[in-house]
């Protein structure tokens, strides 16, 4: 399916502020970008680099005043996601080198604290994909999905206590539980078609049966229509913007995902 | 200056053919891409990866029949290039690790055969930027620039014998002469505003005084209005397309570079 | 100074256990390894890879029974560390791309929770090296250094509550405080000459004035005689061993650092 | 089998000379280094980095006078190499990204000039491993192996004209012929047990059936007892030493490979 995705973010900048943005989807195995625009108003110099996870990051310094970032892209992505019950657990010694980093505990995924809980949740379940599916179901049934992201970001430990969280917090819990079982898991930030209410979205991927699979505890069925903007170990790695200096929140932010009826010309 | 650059390339594909394309400029220290489109007709799955030089490469398999690639981008780039006579030669031991690869001989830049010739050309010239400028002048004065690229690609040795070549061949000679003097040099492929006749263009960069500087033996003055698509050691690294299987040449190819009068909306 | 460093670690392995070891120092700007041995008993196949931080990691599977790792190396290192009061704070927009990852919060360095505390500690101090020195002094004066590492690893938040910690926990606090001030900071694990009691050691580095400087809250003066084994964002990245499966602790572990009176033959 | 390998290289240095050495084997999937020494006399500061191909490179500046490099290592390696007739040709579109660079022509492997010749040699042969074996046999039967490396290095084109060459030149021809058939091929430099006369050795690897296989046109049977020091695209990437400034050849060089009867203690 072809999706037209994009966002508009406006800040009221008080003092000259360095930003790192992570708003450009990359062409990858699952998505092809046919058209893209990325506009800064006012137009300031920006430099792009690739971080350790392969994400495209844009560095810039915003001057005082209103500062707006607008992105738009037409992207071909799958209308379904792969579901593969039975895909086996991979022994750690057989994992590719580059996947190992996704086994370690991180700021928001304190996997060292979730070993027992994970083992209880997957008790009796076939090791591998089925375990991750059981974890995802457990989160869906036990942690309330909340779309109000006005609070500070919670880690897996915190969301497990609060019993509710936004999409990225549910993903934190899923990731921490997987890693506690020695299943590599990573955070994904991007867009989801028909998400309600529309916003940026976050889910997670787990590595079983020799590849990454998509899991989303906020959705009741395995939905496609996803556009990945960034991969990381947890939300700390994949902030769509990092700003340095006095705290600064967007004055306005809008996100859109539209279905295109045909390939863009 | 804002440039709208792009190309359209059409192949008549006889048998299913794997391609690697290198047609997407990256955001970098010298250019910012505000809008971009990249269309394949027919629309086939494509995967993007980053090569050892940081270039964005697209892999795909073209089916039999007419196959067209169209790109277009609005890019902010400088209207001049930095000129810095006096920028000093960097001792090899002081070069950054990642620059060392650009000292070695490569397929089309047999720098091991240009040591004496380079020393003659720069005899008496201040080591560093001035040497590269002397090499560039020498090429401009001694090798005829030829825009007919219908022949097979020539290496520095061959172009030095033929005494004429297309832009990338003049760059090969410049690179080989620099490396023979222990000055790191690399190939750049991209677009140049007001190039006549309009086509893809190639030039080279040399590392002196702690950074890369642009040199273009095909131009009589240090012209800006450049968009970089790819960096590499020589033309073998930066082919805008590599196709595997029976030889296949574009049936049609057009390149455009237009000046925009303002930033794209 | 030439140091002979090494360790011996013995596990009683119950079930076949995958390990990732991080025990090989690398040649770097600050150290040169003239002789090295790395022995596994029993001798099992091991594969080495380089992680995202440039560390050499060895992957292997230990069979049931006694399993011993022995390393030894003769290394030239500096007998002092650079101290540079006045080295300035680097604005985020001027940091090299590869340093940016060391600004983010991580599992054991919840820097997002230390912004105010850091600002209080460095109140009135010159931005840059002097701030990091003030943070290091503050830790030295307020957090008790404890060499008993029998408890679970503590994060910066936890060590700040407990008011005591082992070397790596003091480093966590230092790193979190630096990052809260937008100063990149990273964990270092290695060996320190004359450490008492002798053990593996951990300290941190902060990036000011265009380079990394060494800080060690456990030492009263800027001591040299250091051998770096691994760099990372916090202790999660630089475990000298990661073992997967049922928890397993070394039955015996010894560490040695001896001064050599001359270069090894 | 356990091998003790090593070398001693002495230069008479006239003027201060920057060197890049590539003399340290890495632990890899095929070899494990239990003991290693690397001595510079006089002892000068050296810095190690990893190049684009994963090789460990040491940078240093040799002072005027006698300068000696001595290495020694005890390494576990296989006493045989994998032979796998029938391993299939991999379509370019299925190759891993990081393998693609080994399809391109390079300084000493002008694969663009060997397409027809390669097709003749492998006419009627099963695509994949069998083709590379046929190429290796053809070189063994048609190009005289010569152990006198006193001449300048020859490229594949030159060795094909001369009809003789040293080990690395035979490898150049093998690599160029493979790449001309779209089979990725790379240069390997290292040690070979029982090589006569003993010296550094070079051979090549080709990527078929989803992995790299070893081929050595200088040996009549598939011999093990190999230690890899460096991988690259051709000899330009894997010089055991690169020296910058006036040409400088070793005054003395000795290489040794001994069989150890047991694992080193």
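Lettered A, B, C and D in written order, each chain numbered from 1.
Definition applied: contacts are C-beta pairs under 8 Å (C-beta built on N, C-alpha and C of every residue); 3 or more make two chains touch, one makes a residue touch a chain.
Keep in mind it's a predicted model, so treat the numbers as computed, not measured.
The set of chains in contact with chain B as well as chain D is empty. The chains touching chain A as well as chain B do not exist; no chain touches both. Of all chains, the one whose Cα centroid sits at the greatest distance from that of chain C is B. Look at where the CA atoms of chain C average out and do the same for chain D: the two points lie 36 Å apart. Put simply, the C-alpha centre of chain A and that of chain D have 43 angstrom between them. The geometric centre of chain A is 30 Å away from that of chain C, both derived from CA atoms. The set of chain B residues that touch two or more partner chains is empty. Which chains touch which is summed up as A-B, A-C, B-D, C-D. Chain A meets chain C in the complex at residues 18, 20, 49, 51-52, 57, 59-61, 91-93, 97, 100-101, 103-107, 109-110, 112, 152, 182, 236-237, 242, 244-245.
On the side of chain D, the complex with chain C involves touching residues 26-29, 32-40, 43, 45-48, 50, 54, 56, 58, 76, 263-265.
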